[in-house]
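Letters are used for the chains, namely A, B, C and D, taken in the order the chains are written, and counting of residues starts over at 1 for each.
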Amino acid sequence: MSDPQNWRAHRLVAENLSVARGGLAVLEGIDLNLASGAALVLRGVNGIGKTSLLRTLAGLQPPFVGVLQVPPEDLTYAGHADGLKSVLSVQENLSFWAQVAGQTGTGRAMAAMDLTTLAHRRAADLSAGQKRRLGLARLLVTGRWLWLLDEPTVSLDSASAALFVSVLRAHLGQGGSAVIASHIDLGLPEAEVMELTRYRALHDAPSRGGFDEAFT
Amino acid sequence: MSLWEYANPARFMRLTERMLPVLGALAVLTVLMGVIWGFFFTPDDYKQGSTAKILYIHVPSATMAVSAWFMMLAGSLIWLVRRHHVSALAAKAAAPVGMVLTLIGLVTGAIWGQPMWGTWWAWDPRLTSFLILFLFYLGYIALWEAIEDPDTAADLTSVLCIVGSVFAVLSRYAVNFWNQGLHQGASLSLDEKENVSDVFWIPLVIAIVGFGLMFATLVLVRTRTEIRLRRASALMSRQRRA
Amino acid sequence: MKALLIRDLTLAFRAGGGFGLALAFFLLVAVIVPLGVGPLTEILGRIAPGILWVGALLACLLSLDRMFALDYEDGSLDLLATSPMPMEGVVGVKALAHWLVTGLPLTALSPLLGLMLNLPGPGYPWLILSLLLGTPALSIIGAFGAALVVGVKRGGLLLSLLVLPLYLPTLIFGAEVVRRGALGLPVQTPLLLLAAITAGSLGLLPYAAAAAIRICLR
Amino acid sequence: MPDLGKYAFTVLSAYGATIVLLAALIAVTWVQSRRAKSRLAEIEVSSETGSV
């Protein structure tokens, strides 16, 4: 179970990991070793496979090749969509995800992401930036060790982005970890940066199912 | 060398390349032999008159329509357990063939029943079951068509095929149950094979074997088509990335 | 699990949630059929069991495509899949929520529609019992169908094509219970078979549906 | 041609329907096979390095 007391022992390990999209490897030979309290920023042009890699780490898709070790049930994923229900209020959305994660209490998360004054507003009536902040507040209420974030600062203004980075830093300080796909510089100098271009799968990397061989 | 190595697409293509002409010729030969024998050289049935000649197309196509579904089930299971792409593609290839054979079974069954029932369609349990089987084929094919990613489509159609098989069997019994007492005796049972004598039986068996060979030929040709298309799209996505 | 059930029910009852649509549709079927068939009470009474069951089945079908598609579009399904909640449980809860907002109210409304269709007196308890036993199967089978088409855009029609054949055994036994009940015949056999289908579907289909969703999310 | 008696139309229409359906299936299978063959040939040529 997720108790920050145990986080110090957690580790995300990947060996020779390949990631596929549509049955074709897009990234290969990735080795990861993420300790407690560390953050990793994934860089690379659009379409290189950042999202596929994050979804693989999240366990949503199986590794194409390689071994992946993640502490079970101690991660949370934030994709492009925030998983919000527009007819539910900020408070209702947040407490739902807290309960799903087996946690209680949403006050701290709302305060951290500056949502307290919006608590009873319906998600439908939030601006894009406010929605994103709500989506990121969800990370806090789940109380998981590893955050897998796909472009977390999209549609955030610079003040909100800075707020998010401070929240992220607090998470790391507690022993939490994060893998973040991001175009822009987050202002998180302590994070290790991984340039994915180096791992781009070669043109003739094998695809699934043995359709690489000509038939005649 | 194990049987599973034929699950490699290139090896499968090479093997079937050699097999197909022989198989196709055998299929044409036996189908023609069974059907011509049945149509021209069997006497009329004492009860059903010349309509008994429909037997030689109805029974083989109905038999193969059901067998085709079982083949798809086997293909789906092999795909889910061993992830052999040829197996999934063979299941996909068999579906339209099975569907047309089901349709033939339905049409010939309805035509056969017409003189007995005085109507072109009666909710005879057997016909109804085949109508339901036809719906299952439709759904299976539609699901293949609807999903873009081929591996996802193979997975989902396999799950549908397994669950569908259970429900198809349930429907078969449900329909028998539902219909009991509605046509009591008045209906023509298409299942009076017990008193069929050798005169009818031998050409019928030949026709069934022929339809089986024809089914195998068509499925092989269609599987080869699917494999080619898969390789073509694999090459395409490689080109797009280069 | 409880949180998910409460959220789904809340969503169904809030504006735009679609609660009541299925009921209205069910009512509509009971109005349309006599208008098409003619007002002869004797004929209506004879076909009432079938109409009520077909109506309930179509009403269930109506709201199926929302079951997972909405959660898929807004990203909730990804988040649920990475949460500690097992996907089988998610499917089960979703089907339960669907049953609570369609199957159960349909069952409650059915005697009224039976009245309108002149269902013979002895049929009423069997109508309620058969719907109570059979509609959970409709919800869980529907959840399986909805799971298959989660990733398909505009999957509504495809969903009907996939789910309707799977509904047939339930329909046949359910309507048979009511028909026999209305005629005062013994209903034990179809009732037991209906219960068996429901129990089997509830026991096995959540696994198939969860597998389908995991495949769709890849 | 055997004497089909009063059921001639029934029997012949059953055979006719079967032949039409089977012919359609075989035709579709054949056309699809041809198309796949030429499509693949085209792509194989345009990606000379494609085959490993």
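Here is the rule we use: contacts are C-beta pairs under 8 Å (C-beta built on N, C-alpha and C of every residue); 3 or more make two chains touch, one makes a residue touch a chain.
As the structure is a computational prediction, the values presented were derived from the model and not from experiment.
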item	value
Comparison of A-C and B-D (more C-beta pairs in contact)	B-D
Central chain (distance from its CA mean to the mean of all protein CA atoms)	C
Per Cα centroids, the chain farthest from chain B	A
CA centroid of chain B to CA centroid of chain D, Å	15
Between chain C and chain A, distance of the C-alpha-averaged centres to the nearest whole Å	37
Geometric centre distance via CA averages, chain D-chain A, whole Å	51
Computed distance of Cα centres, chain C from chain B, in Å	31
Residues within chain D bordering two or more other chains	40, 44, 50
Residues of chain A engaged with two or more neighbouring chains	203, 212-215
Sites on chain B at which at least two other chains make contact	228, 231, 238
Complex contacts: residues of chain A adjacent to chain B	22-24, 203, 207-215
Parts of chain B lying in touch with chain A, wherever the complex brings them together	8-10, 13-14, 85, 149-151, 227-228, 230-231, 234, 237-238, 241-242
Chain A contact footprint on chain C (complex, rising order)	2-4, 7, 10-11, 14-17, 71, 73-76, 78-85, 217-218
Complex contact set, residues of chain A against chain C	55, 58-62, 73, 75-77, 79-85, 87-88, 92, 95-97, 99-102, 138, 142
Chain D to chain B touching residues, read off their complex	1-8, 10-11, 13-15, 17-18, 21-22, 24-26, 28-30, 32-33, 36-37, 39-40, 43-44, 46-47, 50
